[in-house]
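Given below, in the form of structure tokens, are the structures.
First chain A sits with chain B, and in the next complex the same chain sits with chain C.
So, the complex of A and B:
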């Protein structure tokens, strides 16, 4: 009799353990996607509590064990590692699942710098971080189109993102102006403006435009860079007059495309002109050019 | 007599261990996680030694802040280390935890981090982190979930006023 009671007790214990284990059963699709609805299957019977602990969210819900639990797309926003926990009485069971980012829908586009000289190689860099509509980084390779154009003429390149990032180094065009730097992912475009300005002066030349008794006026030709863009007004041009025992220097700003300086008249001086790292021609005052 | 002494000694050692181990675990939990940084594959720019030190310091600090914020359900530690979407996401997680009455404790066993992108202007860096972490979810004081695993993260950090801040932190299945 005692033996029978003992066996019955063991059977009941096993049955209870099996039932408890079944109560804790969680079934989750391994293809969950952020922003998409998700169905979570549960086993067992009775009441329980479902916890979903995600990277940027926690969802807690009272559930009937044995029924499927529907999670709405707008509730499942964070991509990454999630933990599903079902608690029933004092027992709990958990399962880890992954939520993939959704389709690429937005981006962060960083373009540097905002102002560059024309005709320079690899001076403009553009970086695009690709996000889904819930701002998860889209890690699947995604084509990103970069275009850089001034007045409609320019170049375009398509770069495939890696780890959610696509980047490009681009050269500036030959013409000055506001370059439109546009990145496009799917149907979304983001525009940045990169101001292309004239580069260093090219063929810097000056001449004496006026001679007076005690002074002379020297003036440059219209100052342009090597691709023909006018160097901006305000750029400093330095005129230097060197005599045997003295030196006079005048820093003049370009005004209406030319720079002009008044120097002391001399019977034997050398006048030079420079702007930044560019040297221009030399004049010999007194002895002729 | 000798047996009694031995017994008392053993009880004393057991007490010391039972008291000391949780204390040590707590002390380690509060310390900054270990971060090993590998910059061999960074591009298009090489990571300068000073930047390497700053990244190790600030990424480690960010993980310490995550742990403190999620354990105490207090978003304040996130302010100094996160910005943008990562900040919004973690702040929301703390709010949700408060609402649900749960906490998450992370026992951080270290991060093996490699740089996969460092922008030419030095303003952004992207990292791949293989983190060894133990995660415990507590409802009140009851542990309702515990696991220890390696998780891969993709992180984007950007330079801020006096430090690097985490802008994106996304966990991915290993091998992706």
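So, the complex of A and C:
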């Protein structure tokens, strides 16, 4: 009889110990998503405190053990590794769980460069970082649409993001202008402008437009690049008049598509024109051109 | 006895004050031609214009205001910011009533020394030597309207509140067209040309690291005023970087470091560089001379001339510069001269001169 009582006492002690041990049991769904409500089940009885420690965020809540705890979507903002800790009296229980990013709702769109010469291959790059509502990087593959167009004509490509990143390389078009570079994720679009500018001057030619007693005016034809775009106003065009013992130079600026310079009149001079590293034609002033 | 020391000190003090007060008048009549020139310029140094003018001969037919403007400069030119530092005089010839004195003036300015050489005629007038001062004829621009409608570039940068991925305007693309090295006067010189390949203006600086035979950087310098820093689209500028105290024989290589930044700028003014030619000056030095012509409507206060010299292979063999101490008035030619090293003169096959400018009334 004494033996039976002893065994019963041991069983009761073990049962009490086991019950105490699961006083702070935590049950969390492994499909937690940032921005979505989360239910955390607890075991045991009595009062306790729930701590949720996540990336850059801590949530503290007083709870009744044995009830489910509801965490609102706007509270659970950060995706990543979280730890749930329940403290009750001197005991505590913890559990690790992962929160996934939510659906793609925003992005950061890096477009480079802001200015590019026309008709060059793979000179424009666009890179999109896909984020959810709470600015968590969305790691799930997500389709991102890129479109690049000048004056409505252009091309579009869809790229699926990998590890939250989608990118594209594109060439510049043949026409100058402000290219609209648009990235779209879900219903969100971000626009960047890539200014396509004329390339190097092509077939640079000049003529004497006016002769006066002491000076003459030389003027270029309209200056265009090799695809027919006008070289921007303000570009430097250098006129050089070389005589036997001296020379004169004027760094003229293109204005309304042409560059013009006033040079000293000469009976025997060679006039040359250049813009940057591009050379134009030569004229001989005085002895017939 | 106890009053002796105070009395001695009082007498000594009065004597010293009296001795300090007695000095030669700054307008004392000059007894020699050189003395007249020296006295006049000593007064100029002290900015005692009245005193300086007292040494000007009445026959010069110049009033004090013109005389002062002549020496002090006008239109906020480099001369207006300079201080006469040194005057060297030498009598070229002299008789009882007349002399010719070569006067070399050295002005100190923020951009280095500025020199002016004048041959001054000095005459004896009522027993005292006086200087015949000929004012420089500075052309005045007739009243007119000069339409200037050149392009201006303004820049709007990314705002503080913009997203980190938001686009910004890129810096301009520049390229070093050439780089050449030489050792001159105990210094390594790195020189060449740089071009702004972009369609926007650029603020450009060119630096260089000297690398020794162990691959270590031993010195870094950048081009200060031996280049044009603001380059408009497709504009080419020379650059020259001096490394005093370095030797080419100790070096393995030179690493160039060009930098550029987008800046607001104006395409105005256009400065023509006319009638450029190389000749020997009065002292026998080789100089590149010519005229600057400001084709715009605003006065250029401090013109800066940069000359690039090339050899037979079209390599840059020297870059020199010079500041004109006179302002560049609109539509008015202004002579300039830039030094060329005599030891390089024979190697120069061609040259290119560009004009840089600093103007007060411009925002850029």
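The rule is simple: the second predicted complex is superposed on the first by the 272 of 289 C-alpha atoms of A that agree within 3 Å, B and C clash if a C-alpha of one lies under 4 Å from a C-alpha of the other, contacts with A are read in each partner's own complex, and residues count from 1 in each chain.
Following the convention adopted for this analysis, a residue touches a chain if its C-beta (ideal position, glycine included) is under 8 Å from a C-beta of that chain, and two chains touch if they have at least 3 such contacts.
Bear in mind the structure is a predicted one, so any value in this text is a computation, not a measurement.
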Touched partner set for A:110, first chain B, second chain C, both or neither: both
First (chain B), second (chain C), both or neither touched by A:264: second
Contacts of A:275 with chain B and chain C, given as first, second, both or neither: second
A:81 touches, of chain B and chain C: first, second, both or neither? first
Partner chain in contact with A:235 - chain B first, chain C second, else both or neither: second
Which of chain B and chain C A:129 touches, first, second, both or neither: both
Which of chain B and chain C A:165 touches, first, second, both or neither: first
Touched partner set for A:63, first chain B, second chain C, both or neither: neither
Touching both chain C and chain B, counted on chain A across the two superposed complexes: 110, 112-113, 129
Chain B partner contacts - residues on chain A that touch it in the complex: 51, 53-60, 78-81, 83, 85, 87, 92, 94, 96, 98, 101, 110, 112-113, 125, 127, 129, 131, 135-137, 139, 162-165, 167, 169
Partner chain C, residues of chain A touching it in the complex: 107-115, 129, 192-193, 197-198, 201, 232-238, 245-253, 255, 261-264, 275-278
Residues of chain C touching chain A in the complex: 149-151, 153, 163-165, 167-170, 177, 195-201, 232-236, 267, 270-277, 290, 295, 352-355
Residues of chain B defined as touching chain A within the complex: 44, 85, 88-90, 92-93, 96-97, 99-102, 104, 116-117, 119-121, 123-124, 126, 128, 135, 137, 139, 144-145, 147, 149, 151, 154, 156, 168-173, 176
